[in-house]
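Only one structure is covered here, and it is reproduced in the block below.
Letters A, B and C name the chains as they come in the text, with residue numbers starting at 1 for each one.
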Amino acid sequence: MSSPETVPPLRKDRLGGLPLRLKLTVYGVLMVLAVPFIFPTWWMITSSFKPGNTVFSYPPQLWPSDATLAGYRQAFTLQPFAQQYFNSMYIAILVTIGTLAVSSLAGYGFARIRFRGQNALFLVVLTGLLIPSEVTIVPLYRMFASWDMVDTHWPLILVPTFGAPSVLATFIMRQFFITLPGELEDAGRVDGLGRFALFWRIALPLSRPALGAVAIFTFLHSWNLYLEPIVYLSTRSKFTLPQALTQFTDAYGGPLWNVQLSAASLTVIPVLVLFVIAQRQFIEGLAHTGLKG
Amino acid sequence: MRQSRVLRFAAVATAGLLGLTACGGGGDKEDSGPVSLRMTVWSSAAPHLALFKSIADEYKKTHKNVTDITFDPIPFDSYTTTLTTQIAGGKAPDLAWILEGSAPDFVSSGALVPLDDTIAKTSGYDAADITPAATKLWKDGGKLYAYPFSTSPFGVFVNTDLLKKAGQPAPADLIKSGKWTWDQAFAEGSQVNAKTGKAGIVIRDFDYKLWENLSTIWTGWGAQAWSADGKTCGFDKPEMVDAMTRLNKAIFTEKALPGPGTGADFFAGESAMTVAQISRAALLKDAKFGWDLVPLPAGPKGSYSVIGQAGLGVFKQSKHSAAAADFLAYFTNPENSAKLAQFFPPARKSQLNVDTLAKSNPLLKPAQLQSVVIDGIPQGVVKPAHSGSAELSQSVRSALDPLWKPGADVKAVLTSVCSAIAPQLSK
Amino acid sequence: MSHRTESPVGAPAPTGTTPAPPPRRGPGFWTIRRRDQLAGYLFVAPQLAGTIVFVLVPLALVFWYSLHEWNVLSGTFTFTGTDNYRALAEDPKLPGVLRATAFFSIGLVVTNLALALLLAVLLNQKLRGTVLFRTLFFSPVVVSLVAWTIVWGVLLQDNGGINGLLRTAGVHGPNWLRGDVTAMASVIAVQLVKNVGLNMVLFLAALQGVPHDLYEAARLDGAGRWRQFRSVTLPMISPTVLLTSIITVVGSLQVFAQIAVLTQGGPGTSTTVLLYYLYQQAFPFHHFGYGATISVLLFAIVLVLTVVQWQLRRKWVFHEQS
């Protein structure tokens, strides 16, 4: 704010350029701010190699002094961790694919097709944005109980794919499809394409950025679900990762910190690596969600 | 077509929901087809599960229609929540362990099958052998709704190496000279913390949340959470105020117990003593330190003992409740009760002797069994139990939180506990 | 809210009505227009059906259950009229719960939007390494929520990593999760660091969408950096600010795992937010009817907040597309 530049330089390309002092300040601020973002992950991964009783040792060890894989081994022996990993993975993938299908269809329908009652129906769908699925957890629970689906993965697949969480995806897809120029489809129509073909061959290929954003949102949402699994699931081999992570205790319920941290690292590292590799697509995909207003 | 799917969904939804009756079907009395049974337990200890499985395998040999018996470990933390959620979802197990705290809820609810008839017709069961004190909590209207398979006294596990290192006398010697009191225990814990940096005394599983476990202390002051009829709050009584004042001092002034939010595991050698049930001895199998098990120290009101109970019940919702009750009777018959005794002290008079217990309990010495288990059970005070236990427990826990800081106004906090739980006690 | 939905129809999309393409052969009844109508319904059907089954029917049932008392153990479901609502109004815990909810939501939303905007502005400068920092600040978003919370839970213990670090610096840290104020601050901070990257990225995209010539014009008028920010940047990104604030507010009311893992609503009830209280009542205490009543309250709060924010848009948001 105390910029020395009061006289505007007119070089167009240097608009964001900063004087050196300010530049250093910005770097300094960024580095201080970055600490709480990096430290927990760093600490989790290094501590996962520590023997159980040194997690709380003082002074805190930033690097395990005698590294051990015991925590990792125990993670798999105390619980069917591989199975739980698979559960989380396949549920998240199914939900992501399902949501992409449901939301791109609906988004397209609301954006590009005119039909009677469209606005009213869109409003009906939008209520999903207002009613988080947590609000309806009690009736949803009873509903799935009456369908004999409690302690199965169905509630964790069906509700996110068709219910409230997918509405945001539909909204994003609709906002995107609205921006597509109509001429593209007109050309397709001349070639005699039907509605579905217009959607499938013209609109969908163009909507990759939006689909990418929806996919990321949806995957992370499903991957992070916690309330729903602890409500619906009670068999260990059916648990999902978030639920399993909190259950690494000795036989009498005492927490095993190093095992928890090992298991936590195992859930975090693959996604983190994937993210770092594809961070540009990841972040820019999200940035173009149509949430810009 | 999608529209018809919508309609079908809607139809199922309405039919399923509006007409939903929460009650499950009663069990069919005579099971002939293949039966599979599920029992929820809160222990995932491998030796426990192996023992259960061996009993189940024996049972299946003589009961060909029972094809499968599974033991389903549910984490202790969320055990009762998970169990009731399963019941609400129509997925009740056939048999379940029930915590003493929630016994009144389950026993009076009508969710369980009375066991008396099954037990009566099981040959060699010898129901008269079961001590009446043990079954008191599990009876309603004269009927037994759950069998107390475990009546486990609390004792103090001691890390003798750590005490020696801190130059403190062994509790076993103090007992001989009649000096094993809470004041002495706190003093030793305080010394251990000061000299070794390790924790002094850990009330196992309390962790400033499960306050019920503090009854192992306040009973020594003659205090109780509420009166025997469950109507009158006991937290604001002078005995309780004295006990909690002493505890607060021990935690925050003497540092005899680790403060809130500090992890310390006795079984990993991180504390000198821990108050726990004897079934935890299994955790000491590979202990790298010398240890002992002694009774709870004496309080101002003299020596005492506290027991935790666990019941085993059969759900009405179960499709095979008759078969489940039959298995329960087998699981707890004299022969199997003796086997279970190595982890879960039985409620049978004939088995409460050093010989029976020592046979199945290689980790504990006869003297330890005598002083903690056999002398402990008859005079034992059961941990607090009340109907509406989950909510009541949470209310007490919230109201007790202000107590866990240095110089807390103990009297005021305990008075607020009573006003917080008054509406629930009067229900 | 109707103007939001008018845009697709009012938009130039020339589908259906413009008879540009030659009419396709087919049965007389199935004109293009009719086929399109049908296609429209079919396209939106899965989402619509899902919304009805998994959102609207359960919402109606929430109201229905809130008029009942359901005892899980004895299996009774009895109509009790407005008893649950009366109990809610008289619930001695409710004021504390609402206060905690308000503290949490306001604390989170304010810090989240402010930090996201600050980071976005910093990263929008032409500097080396901004991509690296952007990746760092965003990375907690992809970390599993419960893993993240568990790690913070260990770090925030009295003898955990944070106090250990403070102690090496000669500071005696508080027992974070056991003090009323510090517990709430911890829960907010954990959630803030976890998710601020998302809003940061959205703000960054919005900042990059601000036309450069607007800044130039402002400079020509002699505006300094702060003035430029106030009179060019903020108005131009205000639609994004509005949308992210709605999402963040509604999201802040859905926070559950953090509370369940870090504090279980304590100490006392200082971090018992509405959703956690709902869960406690419905599941551990198995008061399903009363839980549904709390759901109704939660729904009403979400509804009111969203409508208020949407109304504020007129005053607040500089330009409206459409």
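Rule of thumb we're sticking to: a residue touches a chain if its C-beta (ideal position, glycine included) is under 8 Å from a C-beta of that chain, and two chains touch if they have at least 3 such contacts.
Since this is a predicted model, take the numbers as computed values, not measurements.
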item: Number of hops, chain A to chain C, where each hop joins two touching chains; value: 1
item: Dominant interface by contact count, named by its two chains; value: A-C
item: Length of the line joining the C-alpha centres of chain A and chain C, rounded to whole Å; value: 14
item: CA centroid of chain B to CA centroid of chain C, Å; value: 41
item: Contacts with two or more other chains, residues of chain B listed in rising order; value: 13, 17, 20, 85, 88, 262-263
item: Per-residue multi-chain contacts in chain C, two or more chains; value: 41-42, 46, 48-49, 52-53, 57, 61, 157, 159-160, 283, 288
item: Per-residue overlap in chain A, given as positions that touch at least 2 other chains; value: 55-56, 139, 142-143, 230-231, 257
item: Residues on chain C engaged by chain B in the complex (per definition of touch); value: 41-42, 45-46, 48-49, 52-53, 57, 61, 64, 70-77, 92, 156-160, 175-178, 264-269, 272, 280, 283-288
item: Residues of chain A defined as touching chain C within the complex; value: 1, 3, 5-6, 8, 10, 12, 14-18, 23, 26-27, 29-30, 33-34, 36-38, 40-41, 43-44, 47, 55-56, 58-60, 101-103, 105-106, 108-116, 118-119, 121-140, 142-143, 158-159, 161-164, 166-167, 170, 174, 178, 182, 185-186, 189-190, 192, 194-196, 199, 220, 223-224, 226-227, 230-231, 241-243, 245-246, 257, 260-261, 264-265, 267-268, 271-272, 274-276, 279-280, 282-284, 286-289, 291-293
item: Touching residues (chain side chain A, partner chain B) in the complex; value: 52-53, 55-56, 78, 139, 141-148, 150-151, 230-231, 234-236, 247, 249-255, 257
item: In the complex with chain A, residue positions of chain B that touch it; value: 12-13, 16-17, 20, 42-46, 48, 72-78, 82, 85-86, 88-91, 204-205, 262-263, 265, 267-270, 279-280, 282-283
item: Residue numbers on chain B that touch chain C, as the complex places them; value: 2-3, 5-6, 9-10, 13-14, 17-18, 20-24, 80-81, 84-85, 87-88, 105-106, 109-111, 208-209, 259-263, 388, 390-391, 394, 397-399, 401-402, 404-405, 420
